[in-house]
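Consider the two complexes below, in which chain A is the common component and chain B and chain C are the respective partners.
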Partner chain A sequence: MATETQSQPADWPGRYFHIDQVLNTPGPRTDESFLAGDGVKDFLRNKSKILVIGAGGLGCEILANLALTGFKDIHVIDMDTIDISNLNRQFLFRPKDVGKSKAIVAAEFIMKRVPGVKVTPYFGKIQDKDDAYYMQFNLVICGLDSVEARRWMNATLVNLVDPEEPESLKPLIDGGTEGFKGQARVILPTITSCYECSLDMLNKQTAFPICTIANTPRLPEHCIEWASVLEWPRVRGDLKLDTDDPEHIGWLYKIALARANEFKIEGVTWSLTQGVVKNIIPAIASTNAVIAAACCNEAFKIATSSAAYLNNYFMLIGTDGVYSYTFEHEKRDDCPVCGGEALEMTLKPTTTVEELIDILVEKQDIQIKKPSLSTPTKQIYFQAPPQLEEATRPNLEKKVSDLVPPGGEVTVTATTLPFSLSLRISYSE
Partner chain B sequence: MIKIWSMKKNEDAAAKKKPKTSAAQIRVQKDLTELDLPPTMKTHFPDPADLLNFTLTITPDEGTRFLLLHISQSNSANNTSGMYKGGAFVFSFAINTNYPHDPPKVKCTQTIYHPNVDLEGNVCLNILREDWKPVLNLNSVMVGLQYLFLEPNADDPLNKEAAQEMSKNRDQFLNNVRASMRGGHIKGTQYDNVLVR
Partner chain C sequence: MSQEAQDIQDSTTAIVAESAPDAKTRRYDRQLRLWAASGQSALESSRVLVIAGTATSTSVLKNLVLPGIGHFTILDPLEVTPEDAGNNFFLEGPSSIGKSRAEEAVRLLCELNDGVDGKADKRSLEEVLENDKEWLSDFTIVIAHNLDPKLLQRLSEYLWSDTTFPPLVVVRSAGFLAEFYIQYHEHSVIESHSETTPSLRIDKAFPALLDYATTLDFENMDVTDHGHIPYVVILVRVLEDWKKAHNGLPPQTYAEKKEFKQGIMAMRKKSDEENFEEAEAQAYRSWTATTVPSEISELFDDPKVKSVTPSSPPFYHLVNALAKFVQEQPSHTLPLSSTLPDMKASTSAYIHLQTLYKRRAEEEKAAFKSYLQVPIAEDMVDAFVKNSHALKLLRGKQWGAVDKDGAALVKGGEVAPKELSVHLALSALSSVIDKSQPGAPLTPTVEALTEEAQALLPGGASLPDDFDNAVGEVARAPTADLPNVAALLGGLVAQEVIKMITKQYIPIHGYCTIDLVDAWTGTLKLSDLKP
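Entry: the complex of A and B
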């Protein structure tokens, strides 16, 4: 089974023997666009470029899986550094690496261990990168524990889709774990349900009623929240709590411990304090392994078209035995990211904001009443509250062309719209 | 990948291209421009260009009893709905970019005598913490805050003394409320004068 040995000197005969069983011949469920043999192998090994977000518990597993299945151009982003508590499951890191960038150390480890694979790390935030950067990838896999970062990545990939350019559609494979539970999902931006569509399905982080914290603490967590929610702002004033600062955690620990002693509650420790304020859910290595494997399987199937990919949500519940469930999460019409209507509008350069509002209200097909308008950076006209209506009222007489550049976007909200309407404005001669 | 790339062409919704405005930002615009507040509540934006930071002033009246969804306050007081009448209570709202996954942060900016508000301005309202859901909006939070002035709840105290007084000696409690609103002292604490001038 010596294939493409010329282009990949690091390869050896039979290197991909097992994977080639899947790629050499079509199976009963392969798509008709599947190019069995050299074509698909060449794409997977020489042409595809994949981005992994997160080099933590899931990320380490994902990077190893991708490298071993034959992806050879892998990029990884992570803003975190290695903590000693990561070492039990984030197996690309060693004690000597503590304090270094997760992305950089993980990339070096994979490249040393799996010959011929190039892993390009970026030690920083996903928000540092622009559209052109994300445009270079075929696929994105997210192994993150932050809702905010995922919302950003999801919205960015949805925005990237240009109907004129098929390759601008970057499938997003999102993995997540919480203790013994996890999920993997495939998001085809603008086509299937996106991350934002399912935001209200998320498990909320446990929050205790503030009066319980203040009056009737029973759990060590109550004492820690007393310290972080009530005492920190009272005593430390405007100083922002930095959950990565040992001095801050130490202070909270001291306060929480005193509170616990007062109420005869046991169990307040330094690490529990850190866990509660950073909302750390105990990470289970095997859950990460299962979810990462599911994500990488999807990446492989999508990149090669060798088998049907997940449609579109896989759940793993390992709390009582092992249970899994797959279903199709539906796209929401009122999703602020992928739902709603988009309209191209051509206005005269002299059209005023007030005239634009009249045009919108008169449009039969969208049934809009009392619209409020803004650009990504400023308000154009708000119907309410009164102060903002008054502040934006002078804009009614202004020309739209003085507020919105050609090709610029306007977001319209109104009670009669499920969520919002976006306008892309151009101007006639 | 070819399979995926061929999909977009066949999509009906092909013309969609959404603006760069963030989901949180659009949602705040939607919440604010669709606020349906009674005359007893008013918002103020110190910087009208910043929609994420503003204040809400509540001037409670006798209160018409109304049903509130999402709010689980036990029904404690009777004939006391007008007790905070004449005061103007100012709350700060701070919304972060992870809204509506995260609830808005709300604090009372004055030192007030209220069983569910402590001297630091923390507010005990379930939908601000443990019962927050992304389907709730700024309107629900504001209505919930106003409800606290019509029906203070001695069972969820943040100001323990006020709560005890309220369940033990209602007349004394009402006197304390009036005194505190004029800027008086109660048990060593000086409260802010909140009377509408």
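Entry: the complex of A and C
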């Protein structure tokens, strides 16, 4: 990365002609605290520091927009490398970049194209960074396709808030797209609804029952799941399925196709096989452009106070005309991240610990994959480390009511989540 | 690879399988899942003209070049100014200043996709309209951003003058506000990708389905098989039995519907038969009459459908044949869809049912085709029959026609006051530009803009309450092409252009208005702009 040493050309006269029109003058809805003119420009261009999470479909757009609006100290994190299927929308990448780090290539491109902007890439995981790292930014924009990464980032920023220190509250702007649909939202950690508050708005993934896959396939998807979930481990042994390896996809495709032919099921194709095993979400440049622009516009308004920012959720559906809906998503008092109150849960007196775990895994507003459970005084069940798992395993068959008194609290943790969830248990009858 | 894996591979290679996708299919994979090969091929044969290489224009083009349109031309006689170099990502900062704006933008846009052909045309629109206007008709669609009002008027008049000329997308923006409009005579959509599913026609079961359902021996069936009868078959059977006992009528009252559902549940051999639970949940399909949706039957009465001639567009012939099919076929419904949703069933029962539906759908398609008066490509007929419940025909108006009709604007404002406010504020800005000297600095006051907006409404009509918010933003930044607004417009306009070119999904029908202070988009619908 030789870019650090590049001399930074001075701004040229006229460079900010467009932007300055809204920075020199307030509009009818601009807050009185807006300091039109040099003060706000100095903050935006010389003092603010912004973090972009993700340098993919949304990230490429976000970086370009931020650079053009005058943010000059931008950091970007992405753990992915560039794939050929990114090139239909991730416009900072070229065929020669396939295989390289998204964060590094994107940062270099922006610095080359927009003079005087410094973009610092990090090719790695958001979890590699500590609180002190996140504390240095004024704003964070997330353009991710992973629910888990967003939950982590959201919880980290909520935990960062120290009521005594206003600077510790970092606005989080989150964008997401799926085909012609998308959303952009502004989260003020601890003040407004957070990412975790709205988990139940996510579409539930279609899961096919294993007995259908094994015994009564009807759809091409059932045959593909049979190939990937049952046949792959059975035949290929310990070899890990790499959904980016064409040999692996080709194998699954042929196995699925053979099964489909046996049962006279139509519609198994290479593309469907890949779509099912990789859980591919359609993605296009235009939707990413809209959502990224909406996110960056909020970042600009928050950084400059030139106009009120979004309160707090913008949703777009572009299939039938242009439909969008802007509304305030409500904070949840029992949100495990920002709510403070325990989640009420009523169980049957006969419910076992194992059944409680199944309920938690299924629950749309929690979505925990491998929960570990404890009470203030004892360990109920731990998924790891192995010794602890073994020691607590006998509890799986026990009734929860034998371990937790009515009104008692259960703490739920998972390695993937940087927070714990409190349940207040009561029993029916 | 283990021996067993190798064996499986060898034994399955006999089946004709596709080979791994080529580089192009891999590149476009994420969009092919939305508009398929047919949409992609429409994009690849399209030719897009963009007038003026502004930041908004290049943002639109970026989102069209990436998915792979065939060709684009930027028409722009101007040189890059320092102001352009500051807000346009498809210019290279100060090093582009003084060069041709069209050439610089085309060069940098073409880097995004080497399958796309781009051309810079340094003529002015005035010159084209004066000496070479036929050239304009050579494009699939024309996009114009913040064009001089007089030139825009001439351009829209010319493109409106012949129904075969390309649609015109008019884009206007100032500061945080923007709008766009697509001028087209007509736009028909077969593949609307509607989320409503076609009827399974349980209330009007076709003979083979009825026969299958009524002769199946439910009582003496093996318990496992009984738990795997598809709910469609259960419902057809129960409904038929019900009608026999009720003068040929389906359940009518709430009490009867309840009784009908209880009858379904009473047929269970075991308490956990999910297929019967599905049948109970789907029971409404038995008494919901399969009819032709009103939006489709309205098409049947369209004068252009009724009076088709051999030269009419295929869409009209298809709708004409559909009208006859509905009228003359005994079920008086749309052709049956062969798409069956998944349901609890054994593989053989499901596949058997699916085969019955497919066979019947083929028969009805053949009947449908017999009504066609001209030959039409097989894949178009297939798509039409498959989507006949969700067809769309949009009829448009010339750009600016609504602004000449004050009463229509007032009416539209009653439904959508915020949207009308943005439209009026931007129209007022156009009026001010129209009256000012070319090249003079543009700094209109709120008062001057309000006066122009008021002049668009009939005497006595007042501006919407939200107008002050809109006009204040226009006065604040009358010539600002803000990067975020340009990027957002770039996304929305490209999305609508893709819909126009592919004839898939439904494009806007009116003015799409955008206010990025309060972060909303809205539509001033043509159907609401009627006095």
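Here, the second predicted complex is superposed on the first by the 293 of 429 C-alpha atoms of A that agree within 3 Å, B and C clash if a C-alpha of one lies under 4 Å from a C-alpha of the other, contacts with A are read in each partner's own complex, and residues count from 1 in each chain.
Please note the rule applied: a contact is a pair of C-beta atoms (placed from the backbone, for glycine too) under 8 Å apart; a residue touches a chain by one contact, two chains touch by 3 or more.
What you are looking at is a predicted structure, and each value in this text was computed from that prediction instead of being measured.
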Review point. Regarding the shared-chain residue A:155, is it in contact with chain B (first), chain C (second), both, or neither?
Key: first
Check your understanding: Can A:143 be said to touch chain B (first), chain C (second), both, or neither?
Key -> neither
Exercise for review: Would you sort A:217 into first (chain B), second (chain C), both or neither based on which partner it touches?
Suggested key: second
Review point. Just chain B (first), just chain C (second), both, or neither: which does A:298 touch?
Key: second
Review point. Taking the contacts chain A makes with chain B in one complex and with chain C in the other, which residues are shared?
Key: none
Revision key, fill the gap. Residue set of chain B touching chain A in the complex reads 1-9, 11, 13-23, 25-27, 29-30, 32-35, 37, 42-45, 48-49, 51, 97-98, 100-101, 116, 118, 120, 122-124, 126, 128-130, 132-135, 156-158, 160
Revision key, fill the gap. Interface with chain C, chain A side, in the complex: residues 9, 12-19, 21-22, 25-29, 61, 64-65, 68-69, 84-85, 87-89, 91, 94, 113-115, 179-180, 184, 216-219, 235-237, 246, 249-251, 253-255, 257-258, 261, 263-265, 269-271, 274-275, 280-294, 296-298, 300, 307-308, 310, 314, 316, 318-324, 326
Practice item. Please name which positions on chain C make contact with chain A in the complex. Key: 1-2, 4-5, 8-9, 11-13, 15, 17-21, 23, 25-34, 55, 59, 62-63, 66-68, 81-83, 85-87, 89, 92-94, 97, 111-113, 175-176, 192-194, 228, 342-343, 345-347, 350-351, 468-469, 472-473, 476-485, 487-488, 490-492, 494-496, 498, 505-509, 512, 516-523
Revision key, fill the gap. In the complex, the residues of chain A that touch chain B are 31, 33, 35, 43, 48, 138-139, 147-148, 151, 155, 158-159, 161-163, 166-169, 171, 188, 190-191, 196, 199-200, 202, 204, 206-211, 214-215, 229-230, 233-234, 302-303, 305, 336-338, 340, 342, 344, 372, 374-376, 378-379, 382-388, 391-392, 409-411, 413-415, 419-420, 422, 424
